[in-house]
Amino acid sequence: MSTLDDQAKESTDEAAVESTEAIQDNGTGGYIILFFILGFIASLLVGWIAFPMALYSKKEQPVAFNHALHMDEVENGCESCHFFRDDGSYSGVPKLEQCIECHEEVQGDNENEAHFVSEYVEKEREVPWLIYSKQPDCVFFSHAAHVLKAKMDCVTCHGPVGEMESLPVYEENRITGYSREVWGKNIAGLKKNSWDRMKMDDCADCHKESNNKVTSVQTEKDACFVCHK
Amino acid sequence: MDSALIPNGVKRCSMGKFLLWNSIIGLVLLWGVFALLLCWIKGLNQTNMNNAYGFALWIWADLAVIALGGGAFFTGFLRYIVGKEELKNIINYAVLIGFICYSAAQLILGIDIGQPLRGWFIFWHANIHSMLTEVAFCLSCYFIVLCIEYIPLILENRQTDKVPFFHNLTHNMHEVMAIFAATGAFLSFFHQGSLGGVSGVLFGRPFGFREHIFGTIWPYTFFLFTWSAAACGPCFTILVTKITEKIAGKKLVKDNVIDLLAKISGWMILTYIIAKTADTLYWAFVTAPSTGFILAKFYTENPGSVYGYWILFLEIVICGFVPALFLIVKKWRRTPVLLWTAIILAVIGVSLNRWVLVLQVLAVPVMPFTDWNIYFPSWQEIATTILPVAYGILLIMISYRYLPIFPQEAELNPIEPEPEPEQEAKPEGKAEEIKTKAGEPELKPAEA
Amino acid sequence: MEQVKDKKFGMVIDLDKCTGCGSCMVACMSENNVPFREDETDKLLSVAWMRVYKMTNRKPYPDTEVCYFPRPCMHCEGQHSGHSPCVSVCPAVATDYSTATGIVSQIYTRCFGCRYCMAACPYHARVFNWFDPVWPHGMEKSLSPDVSVRMRGVVEKCSFCYHRYQKAMEKAYVDGRKELEENEYQTSCTQACPAGAITFGDLNNTHHEVYKIAQPDHKHHGKSKNPKVFRLLERLGTNPKVYYLSSRKWVRQLGDNYRPDEIMK
Amino acid sequence: MLPFISFEWVWDMGHLVFHGGLWYALNIIGLAMTYCVLKTIYDTYKGKGAQHH
Amino acid sequence: MSFLSFAVGGAAGTALTPMPLKLMDDSSIWTQMWPWIPVPQDGEVSYENSVCTLCPGHCGITVKKVENRVVKIEGMKGHPVNDGGICLLGLAGVQLLYGSRRVKTPLKKVNGKFVKISWDEAVTEVASTIETMREKGDAHKIGCLSGTNRGTVPELLKRLLWVCGSLNFFHMPSVQDSYEITLRMMQGGSAMAGFDLENSDHVISFGSGILDGWGSPVRMFRAHSLWREKGARFIQVESRLSNTAAKADKWVPVNPGTEGALALGIAAVIIDESLYKTDFVDNYSSGFDSWKRQVTNNYTPEIVSKITGVDKSLILLTARDFGRAKNPLALCGRGEGSIPGSIKDFKAVHALNALVGNINQQGGVWAIPEPDYINWPEPTLDEAASAGVSKGRIDGAGKGKYRLAQSLFNRLPEIVNSKASSPPDVLFVSGANPLYTIPDTVAMNEALNNVKIISFSSYMDETADKADLILPNHVFLERYEDVPASAGLNQPITGLSKPVVSPQFNTRHVGDVIIQVAKKLGGHIGDAFPWSDYKTCLEETLGDKWEALNQTGFVTEADFNPTNDMSGFKTDSGRFEFLENGSVAEVLFSSVKPEGDEASYPLTLVPFDSMRLTGGYIGNPPYLMKTVEDTVLKGNDVLVEVNPKTASKYKLADGEKAFLMTPKGKACVKIYHYEGIKPGLIGLARGLGHNVNDRFLAGKGVNVNQLMGSKEDTGSGLDAAWGIRAKLVKA
């Protein structure tokens, strides 16, 4: 208790001293401002630089895939590998079965391909692709509605993936488990291109622009169940 | 040993006694925190709520503490807008009580929602048609106002007041306090009302549903709630002040202040209860019967007849007209027993009203082939409801000890000789005794 | 974009045919990834979108009669455009009314669990996830990807199997259509009901079976013109889209509240 | 909550009245507080409040 | 102070970074996908047709798959039994596939505990067990209990036993057996009973839970809906307001066990008022006159009213309505039909049908020919086998007073106790759970104490738990199996249950195991099973049906129509026999008295069936448990239905705990006041009180078979107990 007592005394003294100083000495005032600025700058650095670095973990794709190279080989553009099934559902990332159609055996002298064939084709293992545009389970996204009905192209949302020669590093949000592409590269959430972000607001913006039908009594926009399940 | 922090001109109990009581209340608080953590970690299955009782003890507690905390806005309104100067002697305490009530309400809401981490959706994704949204916004804003009103009080502590910045801030805030008080009254009007609207808009629940003003905007319970909070809130302020005086063993606020507030309360309660009676009659004979419900369906044939006509009688007569008369008639109001009775009844009345409009609404079966729902809270619910009470007591204890809450205290309780501000040698335990429950062991000062 | 006609999906449940077997409940659970717990006997803690109530005429043996009463979400329209009891009260727009389909949606990831909608719903159609949903090891394989799995602390309810509408529309888009046939979108309970007691379809479409039975009078908030058809708690003004058919008078009367003077009439 | 930004925002009477009232109140609180803080800084700089000690 | 200003600066700076917003957003997204909440994987959706074998109804199912996962079972559109409809058990079948109750690998009991063994070891073990038995000359002491007696799997089991030297193949009896016996007695030959329900305009059911699981449930529901549409009448005779009674146009509450008397009473009125079909009676029946004399003398409305407790006026009314109907139909068999019941009841009801001339008529009772596609060559038997076979059956079925029965497993406790014949030493169990489903489980358990049980159960149920060896079969979604009939259906149908997913665990098809065991045993036994595996066997057996079955899942005989065909009677007289052998005694109804004395057990316990509780060998999957009402089960307590009058007599409040005691056992129950049960009765749901490896099912409620006794029917030897004397004592 005596220690507590002492501390109390000390702090009281300190406070008294400081408050006296504050009025008398403008130098101390500057000292306070300095600390304020230090704190301000430190937090800016943390928030803008350290935080995004800490938030995302980087993951390599299992196979180095060259979209550009494949685009040259196939006849039907993106739909050659990413196609609609008969029931209207979208196949998404190709299964091994589709890859095997061409890559039953190693075709060229690319070591990535060799790795792919030996690790996956021969072992009949599905490739555990990391999907950049993977949306939460609550999202119902119909490729058919966008591509077939609204005649949108892939680039609008996915960007010029077809021209990429290598897959970008997959950055996973340590809290949510989603790819950084969903929130966007820019930590502030700013975007330049239509494909820079895949948040609900991005869907909503486009729906607002292109859809003149108001179906939600709450938001006077598209009803929730258009995009949710 | 903390005498440097204690306001000038008043006496406080010894540090040891203070700490002991703090720790006793602290234990209760910890019990509540434990229950709170259980609810957060394991989910709301820790409660006895169910699909029929989505709202239960917590929501009642919310509504009740906000009604009781209404003393803050209404006293502020009377003091700063109407200009009842005497009330400056109780406004600090009213603000403190309001602050406690509102922070308690927010804490309880934080436990009550199934997904606390998504709580901010109510602001960000607000649906303005929902009464709860209005409650959330106004309640949060008013809580900011309460903080602003509470800040100068903290800064008036003897030590902080020495800092010129804080001293000046206190001064300047007092200067514009009327603005805050007005804003507070504005916000309170809406969130108190919206709480009344919570059950009033439920057209699927004939027990709670009320006709709306202009047909669509707000149900009449909106106004009844605001009115009842303004009427009964000050009673709670008086009640807590009186209890504090009992515990402190000394007079803290002059009688004329209490008398004025009590009188105003009395008239407010009377007008409220007349309106409430009218509302009840209209509901019982017009609104509810139009959907096939007669009054007897709401008050009879339920298990153990818990929800009987007695509730109406208790709420409107015993806890309505009776306290109103006690407070209005000067002679009765100045009889301590009757004053105590009146303020306690008023507090019970408004709490009962909130209970009925949350719990009984859900208890009444709406589908004819279903039965009454009866609910009793789990210990976790009770503990988390007691938690803010314990927190409130702690905050009052600390605030009372270190802040000049009662401007008239020094005047009413002159002490001789004044203790040296920074000197700590003298044990203070004997200088003053808090009269607590009989049989309380004499509290010895610590080994200082 | 060309306008597609607004739908008003609704249901008629034939209480004369319903045997109370409970298949609709299980069909719903299985379709919608409804969780289950070890003890499901406390029906007020149980998550079930479709619940079959048992009502009796309250007469003693041997004059007792029993009627089973399946109760999905009523998808109330209210007295004016989508003013259902629950939608208007949700503080975070987690539930919404679509004028294109007449379906009351519930977005589990938006819901923060205040349960105001549950207090608002007189049908107890909304249930809260008091517990974390847990599937015994291996059983999670039976989960359908068409419906998102709910987490603890949110409210859920019947969606009229809206995902089936979404899926049917996808198929229609692939076929180059914008409208569905009556049988392309049916709820799981409708499809499963072994007694064929449930009829589902568009109440705005006079060709649909559901319209023919329910005969909704859209000028009077959908009140049925069929004397054997009634809606649950119609007098509250909820304007539900689920209709019931019964040839028994006491059943129809138990579907709403009546003052003693009204019953004598 | 915010016009132009929030998905739920609708330009209608309800939103204008509700949020009008809300932002009105918030602004008054904010302005009054800002005034207090600025005036306090000014007063302190002027050396007011020191005599209190 | 400096720290404070640093903190204030930090706060100000942080407010200008995206961090707070982003963290808030991310944390809420985290709550939207908590790692412990499963996310179902998306993928290609496919549908496969198969047949559900969870009950004798045998509905067509369409299984919805996502990639290689079964996510939903739906009714198959266009299937003759259910046309798209499906019951709740079928819907919950997915949970049986993925449930925790499965036996995941062959198990052998060593010192009271199960240890995992390989399939090779398991097959060797079975083979050596059989070998040993044969060497000891005890081949006839090998028995087998199968859930059904039709189809290739039971036939394979039967064949294995036969070539090894045993005829002791048992199957779980049901009302189907009673109906077959009745048809054999009254119409001759062997056939299954089919009911042309859809075309009947007046149905009277004597206690049959036709909406509680009787026959093929979905088809019954569909027929009921059809009656509602076309205004057919439906009368339910039952002592309890079951779901069936609740849906009937008229519920006739009757003293339990006297339904047969009421049938004869109705017959008497119909004869008396000449409402019967003289054409049929005169031209196609025999023994009518003496039968008529007995009935009209002994079953006047007054007498019947006394026996049954039904008002005379109601008897007359019911009889006249029935007699005047265009296509009347009477049904028999209590509840869902798991207890065969008294043959006298069946004969009374069937005679009533004949009286109104609806045998092989539109809307009447049809004789459905037995499936005939299994035509395997007769195997050769060695000496040991012949010796064993010559010892006959231990249950006496097919001989003497049991000549009508095919299998009487219910007699096992009696056989063990009486030592009249030697009980089996080894018992194969396939698709059955006798320790749960056969009344008087205590006695059955004791009877099996010294039997080596070899179980093929897919689930760890009560019988499997007692087994010495478990060779887990695939569940119905993982295996091929022919499904030869659908209970009560008015046409011959063969279905094919197909594997829609690959086996989830280390299980093996019981047919494959049999073939492998036979091959292991070699010699003439191996020769009797010339197929390499079960699928080959099935394919060869089904012959030209195989293609069609694989395509559509079922084949029917489209041209099957026996109406007006009166040539089918294979009795000695070639006519319908009102009286077999002209024996008068067979007409006279005698109520099967419940076990126990009335003085110490003043009440009567009657088990009841419900769609929401499967009383069969498969216990309720979790989703079914979810549908069980809280008036049946609350927590782990079972509720018994008691009429409020009876309850007040014994001062038992609603929801109060009490002990339910019968001569067979005692259980703690809760009282549920139910106006829909006759005073003096106690209703207890069948299907609870399982003791299996499944926390969603085990330990909930009481197994009514624990409290029930078996009552041998004098006519057939089958179990005819419909209830048991009981009492309720406050707990």
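So that you can tell them apart, the chains are marked A, B, C, D and E in the order they are listed, and the count of residues begins at 1 in each.
Please note the rule applied: a residue touches a chain if its C-beta (ideal position, glycine included) is under 8 Å from a C-beta of that chain, and two chains touch if they have at least 3 such contacts.
Remember, predicted model here, so these are calculated numbers, not experimental data.
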item: Pair joined by more contacting C-beta pairs (B-C or A-E); value: B-C
item: Most remote chain, CA-based centroid, reference being subunit A; value: E
item: Most remote chain, CA-based centroid, reference being subunit B; value: E
item: Chain closest to the assembly centre - both centres taken as Cα means; value: C
item: Chain centre separation (subunit D, subunit E; CA means) in Å; value: 75
item: Gap in Å, rounded to a whole number, between the CA centres of subunit D and subunit A; value: 35
item: Chain centre separation in whole Å, for subunit E relative to subunit C (CA means); value: 33
item: Centre distance in Å when subunit B and subunit E are each reduced to the mean of their C-alpha atoms; value: 64
item: Sites on subunit A at which at least two other chains make contact; value: 19, 22-23, 87, 89, 136-138, 218-219
item: Numbers and ranges of subunit C residues touching at least 2 other chains; value: 42, 46, 56, 93, 109-110, 132, 149, 151, 153
item: For subunit B, residues contacting two or more additional chains; value: 115, 118, 121, 125-127, 129, 162, 164-165
item: Subunit A residues within the subunit E interface of the complex; value: 18, 22, 31-33, 35-44, 46-48, 51, 55, 85, 87, 89, 91-92, 136-138, 173, 175-178, 183, 187-189
item: Subunit A contact footprint on subunit E (complex, rising order); value: 1-3, 5-14, 16-19, 22-23, 25-27, 29-30, 32-33, 35, 39-40, 42, 44-45
item: Subunit B contact footprint on subunit E (complex, rising order); value: 24, 27-28, 30-31
item: In the complex, subunit C residues that touch subunit B; value: 42, 44-46, 53, 55-56, 69, 85, 88-94, 110-116, 118-124, 126-132, 151-155, 232-233, 235-238, 254-260, 262
item: In the complex, subunit C residues that touch subunit E; value: 14, 16-17, 19-23, 25-27, 29-31, 33, 36, 38-43, 46, 48, 52, 54, 56, 58-62, 64-68, 109, 132-145, 149-151, 153, 191-197
